[in-house]
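Which chain is which? They are A, B, C and D, in the order written, and residues in each are numbered from 1.
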Amino acid sequence: MSQLDEVVGEIADEMRRHTDRGDVASYIPELARVDPGAFGLAVVDAEGNVAAAGDADVPFSIQSISKVFTLTLALGKAGDRLWRRVGREPSGSPFNSIVQLEREKGIPRNPFINAGAIAVTDVILSGHQPREALGEILRFMQALADDPAIAIDRAVAASEQRTGFRNAALANYMKSFGVLENPVEFTLGVYFHHCAIAMSCRQLATAGRFLAHLGRNPTTGMSIVSPERARRINAIMLTCGHYDGSGEFAYRVGLPGKSGVGGGILAIAPGKASIAVWSPGLDAAGNSHLGRIALEALTKRMGWSVFGT
Amino acid sequence: MSQLDEVVGEIADEMRRHTDRGDVASYIPELARVDPGAFGLAVVDAEGNVAAAGDADVPFSIQSISKVFTLTLALGKAGDRLWRRVGREPSGSPFNSIVQLEREKGIPRNPFINAGAIAVTDVILSGHQPREALGEILRFMQALADDPAIAIDRAVAASEQRTGFRNAALANYMKSFGVLENPVEFTLGVYFHHCAIAMSCRQLATAGRFLAHLGRNPTTGMSIVSPERARRINAIMLTCGHYDGSGEFAYRVGLPGKSGVGGGILAIAPGKASIAVWSPGLDAAGNSHLGRIALEALTKRMGWSVFGT
Amino acid sequence: MSQLDEVVGEIADEMRRHTDRGDVASYIPELARVDPGAFGLAVVDAEGNVAAAGDADVPFSIQSISKVFTLTLALGKAGDRLWRRVGREPSGSPFNSIVQLEREKGIPRNPFINAGAIAVTDVILSGHQPREALGEILRFMQALADDPAIAIDRAVAASEQRTGFRNAALANYMKSFGVLENPVEFTLGVYFHHCAIAMSCRQLATAGRFLAHLGRNPTTGMSIVSPERARRINAIMLTCGHYDGSGEFAYRVGLPGKSGVGGGILAIAPGKASIAVWSPGLDAAGNSHLGRIALEALTKRMGWSVFGT
Amino acid sequence: MSQLDEVVGEIADEMRRHTDRGDVASYIPELARVDPGAFGLAVVDAEGNVAAAGDADVPFSIQSISKVFTLTLALGKAGDRLWRRVGREPSGSPFNSIVQLEREKGIPRNPFINAGAIAVTDVILSGHQPREALGEILRFMQALADDPAIAIDRAVAASEQRTGFRNAALANYMKSFGVLENPVEFTLGVYFHHCAIAMSCRQLATAGRFLAHLGRNPTTGMSIVSPERARRINAIMLTCGHYDGSGEFAYRVGLPGKSGVGGGILAIAPGKASIAVWSPGLDAAGNSHLGRIALEALTKRMGWSVFGT
């Protein structure tokens, strides 16, 4: 049993004993009824060894973590032209703020706040039917995670669509500035559906491996993006991956990471590992409470912080 | 001649040929008359070898780069109590914005925007006369750079004080919320003076070594801060060190860094090197234009990005 | 020929000679192709005499002027409960700003900015089909103007609906806070259609008479609202009727007034007259440029300012 | 005994019985210890008859009501050039907000928010020593109120100056944009002192008479400003005189008015009367709670609303 296996096991044990777990997202019933006691952790190292513990094989709604993968796809399609429609600076605002859009003519601050991810989705959609675009995103996730069983949770997608007025406000607002090219309801449809992809920690950590290894899956050798692009996506994850809690995550964990309101976090230790953690209770900034604590413990014990080891 | 020496020399040569150098800060005459053609670069590696090129021994006004060192000092005095008075999130705003202060009850977003650095200065000042506090900051810089000749440029300090109405607005605003403890003019006096410290690239890179090596100067063995604190200061530099251009710096350079309006940038390659660059022309966000380009070239060629090598 | 007739004729002559007429609204083709040289003015005094000049019988798109009448209707339905959904303070922002909504939990500042008028429309709609609500608004306008021929310009309504993404953003945003009760597309549909009502200056001035005479049409004796309510609607017109140019209108004209992007303005001289002016060119704040100048001349010569005569 | 005498007496009786009086300003001890039960009302009609009741002869700190008179003075000095340094639109923000200044390059929205009144004070100060400017303001008040005994409360002025960090922030901020010409401490000194003038309701109502009568004191015949300027000052009072409660005051009272944090309100019934009311308890927007209620009762019973009688 490796040191990593031990550390992962210890952390899962410690997390089990935590009583303060934050609050589960309650804006749609499908998320509200998730067990707040769930906890999963999976780490894939450079050799492809997986250390997993807890509910690491239980699928959960990846939500905004999907934004890392849609950004990757959209950069593949549009290259640096993507940056005409979305910035790459931290926003200093909550995930669904519209204030920044008014100040900056409809250009979202970065691809990881909702507005930015909707603009990125619009790029993927262009020239396609929503169904095709969604199929492309899903196949990309299946390929990365090496698991064709990964699917969209249709009930979650339907609930998001029924209640997603704030995202509709963001999308219409950007449309009024010409930042979106497709019909608003098409772009939002694809957006709500890719946020509703369900994956386990094991699948997610596997899918993120290319970001830890210069754009390439070190086991299969499959190249997803160039080394430079992988580094840059990591940089955006570090500065913008946790909304208005991005500074806190960098300060405590010291890794690029992206959280989702379903309680998952994907974190990247460059050159070392791809990590997925899941605990449904959220902190005030909307990020997994125990997820961050677990990642802080993991990087500390493994010496994986990008800021000095 | 090492690879580092070669790369540093090449970059200095390339920068010399750049015609687009940005605009030199013009709000005080002392900065306005600096030669826009100046360029210096100094890199100190883990063994203490210094690779330097161009105007690496010409002193310049370090301005906001001093905020890294005052943060270090203030954390030494107040520990985590410091964070009651200043946050550690990117601001999404220019360096001198006051809007965020109104929204957040006078608590600055982070220690590297002007308001935050003024609050940090106030912590260092507490219980002391301005002269004593300033002496402490200066001695700290001299010790870190191993050079007792480092001094404050009094003409710069006087000009800053005479024209620093926006900083006076920030300080008075925080004072109205009780975030500053000392008389506003005392805190501002110390702040304007530590921003007016003059250092060369060589001195600055030497002073930053503890951040590259877990809080310790690897040559002298002198411990400045704990490893954890060093990592955390690096994290704040990466997410907040370039104002509203922090995301861009992370995206292109991939290192923790802190810029100053005098055209300097201190960058840290954890475990590898401390780097100082100086070119007085600034980009739209107020960061050294060629400085960033030089650092981008350096990290690329040396493989020093924290986001994957 | 009365003094009023003379003054109205003179003003129309003067306006004809103005070369700086502002810019006609261009966001939809139906407004963009209106003749910028058009100018109409109609004044109905307490006795019911109409002084009219220029294009006073040419129908134009009343646009936001309809908000005065929908506010009147909604107050009749909901009474002071209306004020739970919309405030009555000047906004300090452009007509279509969304920033204020984010700061104030989806409650629009006042009923005369777009967001507020959409909320007011939602109140009228409640319990009805869009077609019924729209019919009620139209019949109200026809009755007030004593002209059953008043109609909605379907081409304008269709264009507004096709391009109204910013209003869709506002509506979805309010919906996300529960400020709207009806389906967003229903409320927006009614809103876009009542803004597309076409009326002439003569019809509009007639329709506004109840506001000049304590809630009652002094000729027919028909009571529309209580005296107190009439005064209060006038108060809101004075403080909020010209978006971010409301202070300027009060300063120069000194009457309650409401402008529309079609170039019309309805103004009320309490106890004295109801006034409608139309000139399609707009100033920077989106209010009729010559319309305001004509009203300034009219109040000055007639001594009608509410601020001293 | 006139109807006005009766109404004034009745209102004073009714106000005495109110238990909800709002909260007395507590930011300086001199205001904090004012008796919350105090209530004064004085009305001067066109003929110069004074109806007074309650504590109408007790001096209180007029605070921001002084801004009406400094605006009058500054317009006399600078004419319409004043409007290069201050706007005349409602701000949609609290009295001491700095956000608007950042958005609009240091130009305050109107002369009745703190920033605007500081800019107006700077205009009066220009070319003079603070002592001279203050003397001019005081003599102006004494002449208008026909009472050479009116004085500045030095203790209030000293307290304001000691604690006025937020106003110092506003002043320094404007100075940084070149909106203030004089040394910040000079302008602030004059500002804090004119806000500390103490007057009774009787004195204040007398001083405001020129605004009710086209710029002229109808008893002495003294002309203070042109009729147009009097109307325009009234217009600004109506749209901006109660900070973020200006819409509410127009809606309920229907008169131009200016409040002060000392609990006073000056209101103008054009052509009819000048009114001063005083009750120290404030509402959430910082305006006299009972003062507004008393004025609402007064205008209703006397039929003085500018919006229809």
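Please note the rule applied: a residue touches a chain if its C-beta (ideal position, glycine included) is under 8 Å from a C-beta of that chain, and two chains touch if they have at least 3 such contacts.
For clarity, every value in this text was computed on a predicted model and none was experimentally measured.
Asks: Can you give me the shortest step count from subunit B to subunit C, moving only between touching chains?
Replies: Contact-graph shortest path, subunit B to subunit C, evaluates to 2.
Asks: Using Cα averages as centroids, what's the distance between subunit A and subunit D in whole Å?
Replies: From the centre of subunit A to the centre of subunit D is 55 Å.
Asks: Taking the mean of the C-alpha atoms as each chain's centre, how many Å separate subunit A from subunit C?
Replies: Their C-alpha centroids are separated by 47 Å.
Asks: Just how far, in Å, is the C-alpha centre of subunit B from the one of subunit A?
Replies: So the centroids are 32 Å from each other.
Asks: Return the residues of subunit B touching two or more other chains; collapse runs of consecutive numbers into ranges.
Replies: none
Asks: Based on which chains touch which, is the overall arrangement a line, ring, star, complete graph, or other?
Replies: Here the contact pattern is a ring, one closed loop where every chain has two partners.
Asks: What's the complete list of touching chain pairs for this entry?
Replies: Here the touching pairs of chains are A-B, A-C, B-D, C-D.
Asks: Could you please specify the touching residues of subunit B with respect to subunit D in the complex?
Replies: Checking each residue of subunit B against subunit D gives 97-99, 101-103, 165-166, 168-173, 175-176, 184.
Asks: Which residues, counting only subunit A, touch subunit B once they are in their complex?
Replies: It is residues 87-93, 100, 109-110, 211-214, 227, 230-232, 234-236, 238-240, 244-248, 250-251, 254, 256, 270-271, 305-309 of subunit A that touch subunit B.
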